[in-house]
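Both of the next two complexes hold chain A, though its partner changes from chain B to chain C.
For the complex of A and B:
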């Protein structure tokens, strides 16, 4: 039988919870209570719409609140396409940057590079949105002119802007998981006459890989939740569902995401009408479920890295 | 005294207890239309300097956003570029909507420079309906350039949209369910139409600069195009004219009354004119 962790047990027995422990417990309880309260309030307000239109919301793409149609599928499609595409664009650049910072950059420069990357993450998203309106919209419209888009407001523009926005998040987390591979292993690889490229290939990447995927998923969660920047350049066109999920044509057309809908004036109009208001809050719930899914998965993978066995 | 660890909970309790006493001086909350906003914002600035009033002006949700905020008790005055409707009264039966005229404005149908240069200078109601319902999709059929029509719809709920839909379909409720890319605040409509080829949208006429965006004349049943000029707003010949409103719950009192009285005074009229609108008639 295992020996009891004797010291710890006596410590717990002898001393009553002091002020620090008490405060921490109280804060944690308050946090949980707030979270629970928010969720209960949220679901309760959304309930009229879930009861009346729950199924329709997930299967229909028609949203006309004046006619009591609350289909969210086109928005779910918009959110999914925009954030996945953003990730697809951002991840290769972010991974390459992370590898460069972690494996090539001299020790002395590394903190500076990290600080620069994290500075990018701290820029308020409305700034990205305004830059998007001023420059990116026009560039994209000109660049894609052969395909004759109606304007620069399109899913693709939103995806490109979002890619720039999640780039620092993915880079910094990916770099962390590369750094978490112990330096001793790199030294050992050097001792076995592997060069730097081979070390990265054979030793570092295989171990850091889950963490890097985790970083990407955190970026995806970040992208799904982004509101204002997307709102300004996506065009906010309701009810545009493609014939096929692989059809690229909708990418150069305007669309709507869950967040751009929630950021619009309909939230103000919906207040006071239980059904409409509930439908708006249900959009939020759908977003919450999607984001939680990706972020938890990302955290799970990040924790799998070798520094935290 | 340096607080010890043990006193932290006590301190926290004290802090929480102290929060209510920190409440700020009473603020007049004005929410609504981006069209009315420049006038109210400037008047609020003047009253803050001269009378020490604290007025917070916000354009969340446009006209309808403002009316709903007033109905729900989240604001003291709603700015609106559309009148109160039966639906508003039904929704908030306990609210006594009291509307005050702040000015007169025309809603313009604006086009981007290339459309204007391409020869489109006027439009009639049927043509606009066809664009709205996506039956007309190229400017060529309106005598303009061979270019797709990029229609940016003002977000439903915006005062401009309600006025536009009332004109187009008799009553906004009769408008067919269509989906267009949407624009919200006036600033956004102006920027996007200016930066997009073949663009058309709805915008308050006083925001039109005549260089990057242009206001189309509206052709009436007699075939005469009427431009959205002050003259045509005054004589009522321009069909998309509208009153800009300040709306309260019951007769305005205190700071709300001072703000409304100021905007309706000769000095207030100067501010209204400065922003391109006409003083109330």
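For the complex of A and C:
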């Protein structure tokens, strides 16, 4: 298989590159260069705020743009709480579903189950937002009535909606990592008189769990970046930072996430003022760093494919 | 005891799966029952009146199609080039190939709201376009490049090595191999990647929020500067925020049903192609 070097023979090096190859490489390089250019542009425009407020943005929970206070902590808190809670709600269901589809469901029914999961993944976030506004918001307000929330717009509502939205992502990737365990190992385990439950617990899961954690991290990354649906039902109230991280009270209060802030009208307002605009772009950078972190970690774990040790 | 444990395990995972299935069914049911009341030929061919309470969604559909078509034109050349570069021109498992694969994965995960803000920096700030269909199309195009490029690259990597080696052995140049072997055999993968990406792009609100979409007062754009479009997701986004207005509810659900249908169609079209790819991969 490795008799020939990939795509080129040594003597071909001496020829000038042909038009197709050149066009491909040029277009790929142009795309990457433009990406790099936009990133530089982004950081440059964010710089005034980073220079003036750098550390304060990460440690202060006070955001009053008219008074030039740009603390992002309340939004980071909102993003973290909403997406972690969503993951906590979605992951058990997603893992169980993935195990069922991969290990229990007969071969012929699998495509149908996957179609349902893909349908959930294909629904645009504005539609989830609409469903959240029309149904979930009211249900949550009714259900939590004993705690007397102001309205159905609260962090918990956003977390529940987000859980539904990341459910298909986590399920799909978890199922992929279960499928990556070679079928021959399952057969061998059954041959050794292990029943199906034992096979799942002793053979499949020990090999698939890094991938499943990876799937969860990808779900977390997706949840952090989700904007429109969260925007519609979170209430978008600034500066709600609790005294203690474990205080459950903010869950039934409106709040703000990084994305709901970025998607709001303030982004337009900020464009005229370099400092305010820089602060908005810095929020974007924080969001970019967080999603990049979780997604690359998730992909790294997913690539620990047991089929290729 | 063992049997009971087996049953318990099957039941718990099975009920989770049933829940997911039920959820998908319930969402489809709600969208169809609420939305179908609004659907009529007139709804699809008339312009919106009374801020969404009456009339149809003609220009929202047209605007979404304009955005998606632009995105396709922008994305296709870059996705093709990046896919081929990643899987064929760069040596496999080499550092550059891995780095490019990593960049594509990250790009795929960039939150779409950041693309919307990027649009403000590039098209509003630098180029002074104001709201423009072209800005929205380009941003949506950027969004689908990684999806299509990764699907193309995966397909190229699964092509039978023998053919490629034989072609190289016959002295075919790399460009020739791309044109006569790689592209014909992986076009279906590229196309289905594009379709999946476009389906996702059609439903996106965040990238077009600031730089491309308005709620009313636009039809077919005639230029670039200050030429926004109406768009289905943005229409739903605005109406959803005024959801206490009973008058526009029926049409709001109608628009939602049309959008979900529009978004599901390319995914459905991609299924036979993916099925074919799957079989091809199994027999390779």
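We adopt the following convention: the second predicted complex is superposed on the first by the 282 of 309 C-alpha atoms of A that agree within 3 Å, B and C clash if a C-alpha of one lies under 4 Å from a C-alpha of the other, contacts with A are read in each partner's own complex, and residues count from 1 in each chain.
Just so it is clear, a residue touches a chain if its C-beta (ideal position, glycine included) is under 8 Å from a C-beta of that chain, and two chains touch if they have at least 3 such contacts.
Remember, it's a predicted structure, so these values are computed and weren't measured experimentally.
After overlaying the two complexes on the shared chain, residue contacts for A:80 are found with neither chain B nor chain C. With both structures placed on the common chain, the touch criterion links A:180 to neither chain B nor chain C.
In the superposition on chain A, contact of A:239 is made with chain B only, not with chain C. In the superposed model, A:271 lies in contact with both chain B and chain C.
By the touch criterion defined above, A:167 lies against chain C but remains apart from chain B after alignment on the C-alpha atoms of chain A. When the shared chain is aligned, no partner comes close enough to touch A:50: not chain B, not chain C.
Of the two partner chains placed around the shared chain by superposition, chain C is the only one that A:197 touches, whereas chain B remains out of contact. Note on chain A: of its two partners chain C and chain B, the one contacting more of its residues is C. Legend: residue contacts after superposition of the two complexes on their common chain; A:254 is shown touching chain B, with no touch to chain C. Contacts of A:64 after superposition: chain B is touched, whereas chain C is not reached.
Contacts of chain A with chain B, set against its contacts with chain C after fitting on chain A, overlap at residues 18-20, 23, 26, 133, 232, 267-268, 271. Put simply, chain B touches chain A in their complex at residues 4-9, 12, 60-62, 64-65, 68-69, 71-72, 91-92, 148, 150, 152, 155-158, 173, 177, 179-184, 188, 191-192, 195-199.
Here chain A touches chain B in the complex through residues 18-20, 22-23, 26, 64, 66-67, 69, 133, 137-138, 141, 148, 150-153, 232, 235-240, 254, 264-269, 271-273, going by the rule given at the top.
Within the complex formed with chain C, the residues of chain A that make contact are 1, 3-9, 12, 15, 17-21, 23-28, 30-32, 35, 38, 41-42, 45, 92-93, 96-97, 99-101, 103-105, 113, 116-120, 122-127, 129-131, 133-135, 164, 167, 171, 195-197, 200, 218, 221-222, 224-228, 232, 259, 262-263, 267-268, 271, 280-281, 284, 287-288, 291-292, 295-296, 299. If you check the complex, the residues on chain C that touch chain A are 2, 5-6, 9-10, 12-17, 19-21, 23-25, 27-28, 30-31, 77-78, 80-82, 84-86, 88-89, 91-92, 100, 102-103, 105-107, 109-114, 116-118, 120-122, 124-126, 145, 161, 164-165, 168-169, 171, 173-179, 199-200, 202-206, 209-210, 233, 236-237, 240-241, 243, 252, 256, 259-260, 263-264, 267.
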